[in-house]
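Order of writing sets the labels: A, B, C and D. Residues in every chain begin at 1.
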Amino acid sequence: MADFTIGDRLKVTLFGQSHGPAIGCVIDGFPAGKRVDWDAVSFFLARRAPGQNAWSTQRKEADAPEILSGLNEAGLTCGAPLAAVIRNTNQHSGDYPDLLNVPRPGHADFAAGVKYGPAWDYRGGGQFSGRLTAPLCFAGALCLQYLAERNIRIAAHIARVGNVFDKAPDTVHPQFPLYEAGAFPVIDPEKGRAMQAEIEAAKQAGDSVDGAVRCVVTGFPAGVGGPYFGGLEGKLAQALFGIPAVKGVQFGDTQPHGSENNDAFRMENESVCTVTNHCGGILGGISIGMPLHFTVSFKPTPSIAKAQQTVDLKAMQETEMNLRGRHDPCVVPRAVPVVEAVTAIILTDLLLQGA
Amino acid sequence: MADFTIGDRLKVTLFGQSHGPAIGCVIDGFPAGKRVDWDAVSFFLARRAPGQNAWSTQRKEADAPEILSGLNEAGLTCGAPLAAVIRNTNQHSGDYPDLLNVPRPGHADFAAGVKYGPAWDYRGGGQFSGRLTAPLCFAGALCLQYLAERNIRIAAHIARVGNVFDKAPDTVHPQFPLYEAGAFPVIDPEKGRAMQAEIEAAKQAGDSVDGAVRCVVTGFPAGVGGPYFGGLEGKLAQALFGIPAVKGVQFGDTQPHGSENNDAFRMENESVCTVTNHCGGILGGISIGMPLHFTVSFKPTPSIAKAQQTVDLKAMQETEMNLRGRHDPCVVPRAVPVVEAVTAIILTDLLLQGA
Amino acid sequence: MADFTIGDRLKVTLFGQSHGPAIGCVIDGFPAGKRVDWDAVSFFLARRAPGQNAWSTQRKEADAPEILSGLNEAGLTCGAPLAAVIRNTNQHSGDYPDLLNVPRPGHADFAAGVKYGPAWDYRGGGQFSGRLTAPLCFAGALCLQYLAERNIRIAAHIARVGNVFDKAPDTVHPQFPLYEAGAFPVIDPEKGRAMQAEIEAAKQAGDSVDGAVRCVVTGFPAGVGGPYFGGLEGKLAQALFGIPAVKGVQFGDTQPHGSENNDAFRMENESVCTVTNHCGGILGGISIGMPLHFTVSFKPTPSIAKAQQTVDLKAMQETEMNLRGRHDPCVVPRAVPVVEAVTAIILTDLLLQGA
Amino acid sequence: MADFTIGDRLKVTLFGQSHGPAIGCVIDGFPAGKRVDWDAVSFFLARRAPGQNAWSTQRKEADAPEILSGLNEAGLTCGAPLAAVIRNTNQHSGDYPDLLNVPRPGHADFAAGVKYGPAWDYRGGGQFSGRLTAPLCFAGALCLQYLAERNIRIAAHIARVGNVFDKAPDTVHPQFPLYEAGAFPVIDPEKGRAMQAEIEAAKQAGDSVDGAVRCVVTGFPAGVGGPYFGGLEGKLAQALFGIPAVKGVQFGDTQPHGSENNDAFRMENESVCTVTNHCGGILGGISIGMPLHFTVSFKPTPSIAKAQQTVDLKAMQETEMNLRGRHDPCVVPRAVPVVEAVTAIILTDLLLQGA
């Protein structure tokens, strides 16, 4: 337990469950004196919001957060913890079966029952719900603005859906935006269309499909992180694995042999950089001043329309289950801003503590 | 900074640098009243030790740790922090060039120079040295014994070297030991020989090769971990990325479509388990009672004999570098017990805190 | 920064500022399956609430918290973070002068200006406001119920106001309640009346008065805590000093000589206890199974009606200040439940982590 | 458990037990590039060392620490964790009775037995031993040098022994050194002699006596700390209560009425300061730029020569105990540098994290 706080000097605490009154977050340690660009926050939250297109669940959300604290009369951040609340509306509780006693394969239901016992609020996945990535994105949106002031930019794209891979970005001189304006950020539009076809095919089959998000950070200074357990990879990974459905995190694009994988140092504009960037901008757990890049892989949505085998925990016997309801056949498109948000939170925390 | 401690209730703190007087660790929070099987500790440390065969550096280590505290007169753990020291001997400082001013590609040298400044003790990689995995394995060896008392077993094998993949283990009913007795743990001996050929080829070419370690844990109870930032994946990943050269961590073996990837629940011996185990024994960040399994990927050793381009930071100009010295052409064989050790430390910590 | 979270396995995060829209808290890690006694919560919050009598500020609060998450449909705690919000109403912003530029002596104004800069929301003391002890008491009220299930009881009384000392409780066999029903908990009612006279005198003089709260815990098991930095005293003290106006924490009632101060061990009902309890139930940082007791001292309310010397930070010159507004002439009476709440939170956290 | 680490960015981890092979510490996060003044370290450790005079135990210690890591070839701190070991010699194990079964009143014996069980190494108090303050002072000595570079000075004196109080220091313009050169640091030598008489009287009576240490810090910048749980008082207190025998911590010297206790702001040399310093240099949990000052109270040494009542835990019956051995009749004189050391560690940690 105590699973909903991340960060040291900047602490982000999430709260809520899928079918409770509200979800939200508390952001403690965000610098005072910042004017928030609320339009940018809204735009960022909209990128994560469901119901926008063919690829995502039709559940509508009114994700405009109410700010309960953290701003002064002039609307600047004031150093007090920033608390934001998003009311839950439009839940269809009736869509959900008795997940406590008949757990869905691939979902947290069974594990949650073991951990919390019968009081667990299984409706919509309770506190495991992807809904909580909305306040997480809210926190990330603020951090993105903090980082942008320091010319640090974060952008992610859909690196893969099923077997369709997007073109890899230039990780030495990344082009921004990596993604098109719109809800399906890819570098190569043709690959994007193939991915959408893959998602549509899965949907038609009552199935779902996996994928990956690649995230690129530019402008991050050299010297942040540390050896062993202070490594930048570990700090980012711990937070990224906190995103529902993430099963893998890979930094850089390791090449099989040292002679190809080692990034030769060179001079550019009188400063040191590397010719290639296979290391993902991190050596010895420490940033080297090159763009950071890493790939986060997501499992296919466990909610599928096909019949599945499970167990009835009351009867202690096997049974079959058919799920209904609105589900994303692929979580990856909506996960793109979530990856950016988590990255922004961790990098802001590290910069604030001078790590 | 403050990078060398991992764990909450069980805290393992490493210390040392490659060419200082000694390396070691402090283990705080290990349960009192345990009789350590020192032969098992020695055997475990020997699996990591260098100089044993053709695939590893010829540097000899006398890795028998001296115990400075933590045992009572009868030799039982007594609740005091367990401190262990391993003296450094057999360093060949002369083998190392001026890494502070001419950083090696792929190594921490440049990053360390930015972080620590000119006082950094670059000899042998300083505190970034893989040498510190020796005390880490010492801590892990104790934790493995603690876990074994609870019938929790951890075993890893070489999953990949370059393009050669070992046979995958049965992740529903794993066979132990996963690895042969010996220094090159694989499931399929033929694949093992092909991997060794790959390493030998890299060595002959003055090059190095990458790979991966797969780790399997049996007997771990259901209900440990939590949603979001309390997830088992994140806690393990943070520690695993602390191992030098790790660039990726993947849990389970995700299948592209939900219908294949979802592990159907079933009954076995009147308890709930799953038909497959693609989730790696973890759903919603929480263990489900099935074997845990995950794959840790390592980059190729950055130390290679081939000429490489780098920069002279004093002259601020590009230069060429030729490294000499004893280096593993592939870190993966010796990393196998390190992955087991780190896994043991984290799982012990979680069990001790009742998480 | 990141100052508003306390606890390890049970994490309580406060948010809000005095004149923002709302204050509240997030409680993560509270056990699932508990039915909250809301009447007991209300009664507990009412003990802290202002405006009840002659000794406290006349500001009215509608402190009934709204629960945003953490309960299931049946009203049981469900394992999700428990978020509670209390709306701010009845603020008289106009009562407060420009504290940013003319800081009040004894208040956080000057320090806050240095830490947060001009964006600090100084109205009502911002995030330093004692208002935030309302959600803190809410969290404490839940923990008190958790502890009561284990027969652990916490009660505090007003140990001192100015020079008037309450009778000391029996710390070997404490009588509960230590305090009368009512808003002025003392053991000796006569001393209580003298204290009230002291407060009234301070009020009449446009002044304020200091005091102390003594807290007693019964039923707490032996063996919790640890040596050095794991000590029970340190963990409690860190949290207790988080209460506004606390300047001292003293455990037990140390006697000058070892021969008097050492608590002789004895047998009672076939279990080990001590004859006296000068150690406050803690030896070597670890509970010994005797009642815990400690005294928390509070400074006099810095808000006084008398003229005071301060500086005008814009003009950088000394000036005189006259404060108006509603203030408690003594914070101690209302601090009693706050001390109980903080104690309950820390002890619950320790029990949950099996420390 | 996990009780021996303090600090966030600067982490100090102690290890050892009284009668094990060695004690020591690991200091992780200390800045690189510092040249340690080893004579100053030795002098500081000597202030804590026993056996120097009539007031302290006659046990001799060869407390010169061996440095195992953390220095480069040139002897500068290099960023690697600094590990120091002090060998245990001169233990008289025979002096100690069977503390596991017949616990000493006022000592940790009984509590340790509950926490660790029979494997606890009770000889000399095991890991509860004041011996571990030697490596703590070593860590503190380094931090004092770091702080001195920033013109931050820490000095403590014996504020009280039994009923004898030292003169209070000027807390607005403290005079350094607060203590005489020598092992008995007081401001008023006459009071010092009376304290020594008090200690000698306790010793002659086979008894012990309590006391207090006051610590003053000058040069500490304004703006460090935070409201609620980020308060400077709480962070210092948690660490100070880690010193064996500490039972109370008081910040500043609170006056009974707000009109006296509030420290009026004034201008001096064009900067803001206060006329008095009753707040101990801290308002709202944040430093205000005035000297910090606080008082740490110690219980009388529980080891006394007088007969005491205790219980025989095997027989479960009361018994009498007579202790022999070498004990300080008052821990306060030797605790003075320990208080300074702990203060230095916490303040260094806070400055390093930019808190």
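Note that a residue touches a chain if its C-beta (ideal position, glycine included) is under 8 Å from a C-beta of that chain, and two chains touch if they have at least 3 such contacts.
As the structure is a prediction and not an experimental result, all values here were calculated from the model.
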Selected interface, A-B versus A-D, where C-beta contact pairs are more numerous: A-B
Longest centre-to-centre distance from chain D, chain (CA-based): A
Whole-Å gap separating chain A and chain C, where each centre is the average of the chain's CA atoms: 38
Whole-Å separation of chain centres (CA-atom averages), chain A against chain D: 46
Computed distance of Cα centres, chain B from chain A, in Å: 27
Residues of chain C engaged with two or more neighbouring chains: 1-5, 8-9, 14, 112, 115, 127, 352, 355
In the complex with chain A, residue positions of chain B that touch it: 1-6, 14, 103, 105-108, 110-112, 114-115, 127-128, 132, 162-163, 202, 205, 207-210, 222-223, 225-231, 233-235, 237-242, 244, 246-252, 254-259, 261-267, 270, 272, 274-275, 279-280, 282-289, 297, 299-304, 306, 308-311, 313, 316-318, 355
Footprint of chain B on chain D - complex, ascending: 1-5, 7-11, 13-17, 20-24, 26, 28-34, 66-74, 76-83, 85, 112, 115-121, 123, 126-127, 352
Footprint of chain B on chain C - complex, ascending: 8-9, 352-355
